[in-house]
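Look for chain A in each of the two complexes below; its partner is chain B in the first and chain C in the second.
After this line comes the complex of A and B, so read on.
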């Protein structure tokens, strides 16, 4: 028997009911995500002085939101004409590239180890998460305690073992300081990548490995032809997350180097933070940080094309 | 043990909650009508809480205190003002005071009762620091004042057979070279070259002053490229860095506090930093190997002049409790009812220096300073303290931060002193 079609009013009310269900979530997303995004983008196009209380303003939930004076792309022009922005951009590119590569490789290597069966594996899996669960301020202070020229545990250890003659100054040279930042951040973030890789590896059917073994595939071939293709979506996710996190990293710079020596560890996020919160120039500050957002989106598209686009047709 | 059923527990909890609410809600005849909101950056917040409790008890006040981390303190206060919040009494450092005044966040205090007496009692240089750019208004009362001093490690000099601390920069470098050569110290000199606003730049001004150089002219324009003394100071910095006489990581220390802690190890012969840091270096045996009084201060070499500044307590221009807020401000930064309680306590507890000279006639303070410093010498150094007015310019904060990498590049020899000084002037002009 063919069921009678629902009356039009019933279908409408069903749609309205569905909208009613999703509306609170949509409203929350608009208020929490889109409004601040739009407002900060507006700030990047305006002359912002937080202390100026006169001028046009919106009244939102009892809070006065000044609209500031529109200056068009003036903030962006100012940012792009500053040589410090460009040197910081190249430094950021190096930082992100090194960080993404280290995080992905170390995360994958740890996942491969923890995928194997050995005594103490559950404990190792739990311990693995400790660096990731630490606050970044704590991570910075911890590594400062390890690497410091004067008090550092590593220098003390190497000195006691007679390996070094004088203490090593990890933060003396700008390039060395930048690489220290990369490695410390990788130490903090790689466990999360490991967790994601492990989850993906555990969802690979065992039959694929058995079939590969029957075909005579050794460990490396199984890794290359079974594991890596199967975890490709997670590789994409890890790369995107690591890239975004790399671009936005700020707290370790704050704790470990303050952008120095000189400007040798000044990245775009640090420059944006300084411009907005040290110099109180919120217009150019948000403009600097919006260029980071654009870069993150661009790289996400690139990763998508390189990794996922080839994956999706196969599926 | 007597057990309690759920009903009884809920009844008791309800009574307790209601009584708490009622206690808070009922008007207290002994207290001020409206609370005073008070915020400061984090420096010994428990001590500040004690001051606030003391005030609330003694003067039946209702002060609510909040400590905000130093790095975000000024932006936080600005964003709060932006959102319409009124913090009645605030800390304000010298770099932001004029900005806050010109933007209408804080008010001048000249018209408030008792201020003329405080002005008369204050050291003229500190009073000048606290005034508006045009010199016509007093923008707050002093929290503390400080200047740069030269400290030395007496046992280390004695160990190397050096009889007296250096009186000139050349002598200081010679002594440091000898200490390094004799393997008494790997890095004998510890200048305050950290990247924060309290480090490299005020240290540079200090060393320029000690070389007899002016840093800013009467119109607050940077003139270091025309001053041979500024070039001499920076060439000396390059020389000590190149000779590995300084801790190679001092450029990436994040604060003057972190920098001064290196001196606790006893591995450095000389250290330049804010005067009050000698209190922990020479006065806290639980922290420092150079306590008690193994580290000492000596007069700054050259002209002896060093950079001096004054941080302050300020009043919100929109405060609705002006009378009470001013009373509390006088308690913090002045002599409410003739008692310098907070000013005196800061001297005793932290060695923070004071812009009211009469504080140093106090027997208790003299005795306390005697535990860690030669007070007479410190006062003599204060006579050489030099203030500037350039920090009252709107561009100063950004200049002060963006100049640090240029100076660090000069120190590391990445750029010549002549070019670096020109770059500093170019930077200042681009911001002015």
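After this line comes the complex of A and C, so read on.
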């Protein structure tokens, strides 16, 4: 606001004022995010016994924070020597890859349909928000109503049409269950990708399309040479966001599969959650979740580069 | 076919000169009339497919919630319920006795808990997050970029990694199984989002506005809350509605931290009902639909602002 040539005192007081505005939020984020994050990291290096918290402790503002016994990287060694961790990691990789691909493709396809001119377009844009605004608990439940072996509507439909003999058990086979999770999560998330794509498509100047048409470009050529290059930054953005969301997905697994059958839908985030909160092994649990955090940190760097490199040329 | 074409021609060709009512860009159409009619049919066909994909699953949740379980199991399956009933809703609202009424009795109190937590978190976010977003959008100050990176990082952070820490800290602080604890925990994932959305919003508010307020004799703080805030309704609505939606829908944190009956929120209660074999799916569907309605209504009512705020927030960074 104040130009760079402003007197030093004005800039100083501006900085002080700005910090005054930012301080409550920054302090809150430090207290509710960074301190717990550090404490979780400490737990990943400790032998956490929830029943015995009387050992070493840290006194902070009169609050006694149990520190447990420091064991170094022992939890990480234990986690990395567990074959289940590695199989979960590969499963997570598959899950994320499939989820990112489905979200980007379906999100883009919906955007391409919705940017056409048709009656009732505002209504369609509202409908887009329905899957996205639902709690994942509800998302899981409603797809259970469609895919369940006994009462599922899809089995009912296929049965009515005479396509199947007896019902399909979508969750019985591990690979099938994993793919169901991917698609259900995609149903929930792809609409947001569509919103981002639509916003990007709206900012493409109409002259580009007119010029393409004058050159005799058909629909697919316009898509390939005008639309896709113009929305490329958003495509990257969608890919990064979907990757992070894919790594973090947890609630749908809880509702639909609980990581099963066997461990066939156990991803890293579910393994960490289960280790920490079903088996109450906080040490190994936080270690697993920290490897996930490291992955997300890496992706943040990518995301950050994307944002700064492509969207804020003016600043 | 020709009649379709005839109808299309009139509004379609007059469009380019007309003032743009919606700013959305539309790809120009092919010149051949027959192909155009064909592509119209194709567009409407595809629109119908997308609409069905988005709505049908949710609509089916509603249908199952007003059906009897026996009709859901019947084959051939009737997609229009042969018998409509409100019994499922009566059960979860405690108006009729049934075998799992203990579970169902948790619905309404947990809904109230969810509402309280969501509202408190939303208000906190709007007060604290908006102020910070304004400062990030307007001023240069030491450590601005470092703290922005930190915020960006927390946006990508798996919230579940914080939960073990909350679990132990809340136990020592006596915040376990309290709504206060949930409010604190929910701020960890909502606050970075709110700051980010509000920062993106304030960047669209011309800074000449604050400048002229300063010239008119306001101090900086007055320029913010007397001049800028009153015209920032759309941004506040976007940030507030999004925060409320995130809290209303949250499951994992509440499931782990508030396990004592009566202290938790709606999603864990519904998930708990889902885990019991003796409760009919139609009853669970009714509770799921009840949980979905507030969030869906909120988003539909404020969709314009939310879409603007969120796309700006994730694109502008």
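Heads up, the rule we're going with is that the second predicted complex is superposed on the first by the 267 of 315 C-alpha atoms of A that agree within 3 Å, B and C clash if a C-alpha of one lies under 4 Å from a C-alpha of the other, contacts with A are read in each partner's own complex, and residues count from 1 in each chain.
Note that a residue touches a chain if its C-beta (ideal position, glycine included) is under 8 Å from a C-beta of that chain, and two chains touch if they have at least 3 such contacts.
None of the values given here were measured: they were computed from a predicted structure.
Engineer: In the superposed model on chain A, is it clash or fit for chain B and chain C?
Structural biologist: Superposition check on chain A flags a clash between chain B and chain C.
Engineer: Determine, under the contact definition given at the top, whether A:37 touches first (chain B), second (chain C), both, or neither.
Structural biologist: The answer is second: A:37 touches chain C but not chain B.
Engineer: Under the stated touch criterion, which partner chain does A:222 make contact with: chain B (first), chain C (second), both, or neither?
Structural biologist: So A:222 only meets chain C here.
Engineer: Can A:254 be said to touch chain B (first), chain C (second), both, or neither?
Structural biologist: It touches chain B and chain C both.
Engineer: See if chain A has more residues touched by chain B or by chain C, and give me that chain.
Structural biologist: Larger number of chain A residues touched: C.
Engineer: Contacts for A:166 in the overlay, against chain B (first) and chain C (second): which applies, first, second, both or neither?
Structural biologist: After superposing on A, A:166 lies in contact with chain B but is clear of chain C.
Engineer: Answer with first, second, both or neither: which of chain B and chain C does A:29 touch in the superposed model?
Structural biologist: In the superposed model, A:29 contacts chain C only, not chain B.
Engineer: Per the contact definition in the header, classify A:279: touching chain B only (first), chain C only (second), both, or neither.
Structural biologist: Only chain B is touched by A:279; chain C is not.
Engineer: One more residue to check, A:138. First (chain B), second (chain C), both or neither?
Structural biologist: The second partner, chain C, only.
Engineer: Based on the superposed arrangement, let me know which partner A:99 touches: chain B (first), chain C (second), both, or neither?
Structural biologist: neither
Engineer: Using the superposition on chain A described above, determine whether A:116 touches chain B (first), chain C (second), both, or neither.
Structural biologist: In the superposition, A:116 contacts chain C only.
Engineer: Name the stretch of chain C, from among 3-11, 219-227 or 255-263, that runs into chain B once the two structures are superposed.
Structural biologist: Of the stretches 3-11, 219-227 or 255-263 of chain C, only 255-263 runs into chain B after superposition.
Engineer: From the superposed pair, tell me which chain A residues show up as contacts to chain B and also as contacts to chain C.
Structural biologist: In chain A, positions 50, 53, 63-64, 66, 148, 150-151, 254-255, 277 sit in both the chain B and chain C interfaces.
Engineer: What residues of chain B sit close enough to touch chain A in their complex?
Structural biologist: Within the complex, chain B touches chain A at residues 71-72, 75, 78-79, 81-84, 99-100, 103-105, 186, 194-196, 247-249, 251-252, 254, 262, 265, 267, 397-398, 401, 404-405, 408-409, 412, 414.
Engineer: Any idea which chain A residues touch chain C in the complex?
Structural biologist: Result: residues 1, 11, 14-15, 17-19, 21-22, 24-26, 28-29, 32-37, 39-40, 43, 50, 53, 63-66, 110, 113-118, 120-122, 124-138, 140-146, 148, 150-151, 153, 156-157, 159-160, 187, 191-192, 195-196, 198-204, 206, 209-210, 213, 218-219, 222, 227, 234, 237, 241, 244, 247-248, 250-251, 254-255, 269, 272-273, 276-277, 282, 285-286, 289-290, 292-293, 296-297, 299-300, 303-304, 307-308, 311-312 of chain A touch chain C.
Engineer: Contact residues on chain A for chain B in the complex?
Structural biologist: Result: residues 49-53, 63-64, 66, 148-151, 166-167, 169-172, 177, 254-263, 266, 274, 277-281 of chain A touch chain B.
Engineer: Contact residues on chain C for chain A in the complex?
Structural biologist: For chain C paired with chain A, touching residues are 22-28, 30, 43-44, 46-47, 49-51, 53-55, 57-58, 60-61, 64, 69, 72-73, 75-77, 79, 128-129, 131-132, 134-136, 138-142, 144, 147, 149-169, 172-173, 184-185, 187-188, 191-192, 195, 207, 210-211, 220-221, 224, 245, 248-252, 255-256, 266-268, 270-271, 274, 281, 284-285, 288-289, 291-292, 295-296, 298-300, 303, 306-307, 310-311, 314-317.
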